[in-house]
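Each chain carries a letter (A, B and C) given by its place in the written order, and its residues are counted from 1.
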Amino acid sequence: MAPTLPVTEPSTTLVVLDLAGIFVFAISGALVGVRKELDVFGVLVLAGTTGLGGGFLRDVLISATPPAALQDWRYLLIPVVAGLVTFWFHPSVGRRERTVNLFDAFGLGLFCVTGALKALDYGLHPLPAALMGMVTGIGGGMVRDLLASRTPSVFRGELYAIPALAGAAVVVVLREGTDLPTVLVALAGGGLCTVWRLVAMWRNWQAPLPRGPASV
Amino acid sequence: MAPTLPVTEPSTTLVVLDLAGIFVFAISGALVGVRKELDVFGVLVLAGTTGLGGGFLRDVLISATPPAALQDWRYLLIPVVAGLVTFWFHPSVGRRERTVNLFDAFGLGLFCVTGALKALDYGLHPLPAALMGMVTGIGGGMVRDLLASRTPSVFRGELYAIPALAGAAVVVVLREGTDLPTVLVALAGGGLCTVWRLVAMWRNWQAPLPRGPASV
Amino acid sequence: MAPTLPVTEPSTTLVVLDLAGIFVFAISGALVGVRKELDVFGVLVLAGTTGLGGGFLRDVLISATPPAALQDWRYLLIPVVAGLVTFWFHPSVGRRERTVNLFDAFGLGLFCVTGALKALDYGLHPLPAALMGMVTGIGGGMVRDLLASRTPSVFRGELYAIPALAGAAVVVVLREGTDLPTVLVALAGGGLCTVWRLVAMWRNWQAPLPRGPASV
């Protein structure tokens, strides 16, 4: 069935960033699977849903279906490779929570960029486009944590959603307000998000908690 | 990208009801977040997913994408306001299960109305339209409970899904079979749903349980 | 609203297989609900989401919205019947994990066939179409297990996702490369998937686990 809408051809930069984001998120998903001692196919499914979940969520919400991942074999190959590499070499890839979170921070930075850019390409206004960047960033990890029965990272009391939203907002502002090339826009937004997230993990920054006694 | 389909402009009544439903569901989501001692951004994410989740699910299923919430800044502002108000004033907003359930009952009534009306506007037949009303009503709370690792309300042994389905059915029947103004249709369907749910909570009505010994 | 895209009319074979898959998955969902001692409406919701979840996921991803289940009352009736039958006659329908898994294996076989065929009908390339077959097969059970707070079957250390992918791949290869009638294509792919899954359960076949010490 031919697409009926004139779809903006994604730039090479955007595709490469998207694939890189899928790769690191897939590794973070596969590491969670290995730590839960899932078998190889469970690890692959968790790698795939973590890597592709955020993008699927974004594409469905902005009407960009079928998602790119179902039209381009590279999008499907990447999580398989990431999952197998993690499965076989997991002691080298890393066996600690910290390593999962490290890959997660880079995935977050990449996806908040590609999510926001794609949403703008599909005609969304700036505010929803920034939100879609955040959703793309936090979606894959939320699906991973739901499937693995973990408390979602986004609720773990560390800064998570807000760096993604800030990075996506920077992307939207620079894209709409300047003529900077995509790669610089991506570096600025994704860099802000990833660095903020990494520093928050390193310094153990906490977002404000509810005041007063814990509710019962 | 211009929409290709002639979309019925939603009536003001429908938009107001939808926003009110998002507001009360977002409060119920935020209250769950506060009770789990999430930080401010976790509370906002839970407020947003609870408030917008049911509508997103409906819009994706009936092909009404991108959802209204991504095209209209009011839909995004409402859960942020509801989340912040709950975060700062939670001891006043309420700290008990009962309060969450109270807001939940009003959200259920509002969403079963707006879900059914929107599904009819998009050309669905009466039976699926009533079902979409129920899905819109129970969807946000299910997403909230999944993310918060709680047993979904809908399974908690109290009447939950059936008042939503009944309210949506009343809306569909009145809309298709009479010339009543939208506000009266909404009051009849939403009122039935909310009152039924509240009375079920108050009297602790239980739906039938499986007969015989619990399966092993 | 009239559909704007020329949609391939589904063959009767495909519809019958789809309805059969929905029926057995709905029973597997309802059995989980009965075992968790949910009330009748909780059982029906779990039957419906398990029966229709995989297909909804597929239809949303391949842009086949609104899903068939919202346009054809038979799709809605089937899970209700399956849920009520299971609710009333559960001691006869089966009360053991093994019975749930048996129905699950047949649902897996049916859905990997209908998912792959429908994805091909909607113009997807062979590889993504096979993947959509797998997603349709494992989606309903994943939704069921998430809602019921169980570890998803797909992670339970038995072969699950790979028989679904293999069955879907057979369907795609036979459909694209031969002139076999649909019913034979379905039997070959679905049979492979279900038999493989049943034998894996019977012989307790395990997929490879990660090597080395469990990660901490």
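Just so it is clear, contacts are C-beta pairs under 8 Å (C-beta built on N, C-alpha and C of every residue); 3 or more make two chains touch, one makes a residue touch a chain.
Protein names from UniProt, one per chain: A, B, C = Putative membrane protein YeiH.
Treat the numbers as computed from the prediction; the structure is a model and nothing was measured.
If you draw each protein chain as a dot and join the dots that touch, every dot ends up joined to every other dot. At the interface between chain A and chain B, two copies of one sequence, fewer than half of the residue numbers in use are shared by both copies. For the copy pair chain A and chain C, the superposing rotation over Cα atoms measures out at 120 degrees to the nearest 5. Mean C-alpha positions place chain A and chain B at a centre distance of 28 Å.
In chain A, the residues touching two or more other chains are 4, 60, 146, 149. For chain C in complex with chain B, the touching residues are 1-2, 4, 31, 33-46, 56, 60, 65-67, 69-71, 73, 76, 87-88, 90-91, 95-96, 146-149. Chain C contributes residues 4-6, 60-63, 122-125, 127-128, 131-132, 138, 142, 146, 149, 151-152, 154-155, 157, 159-162, 206-216 to its touches with chain A in the complex.
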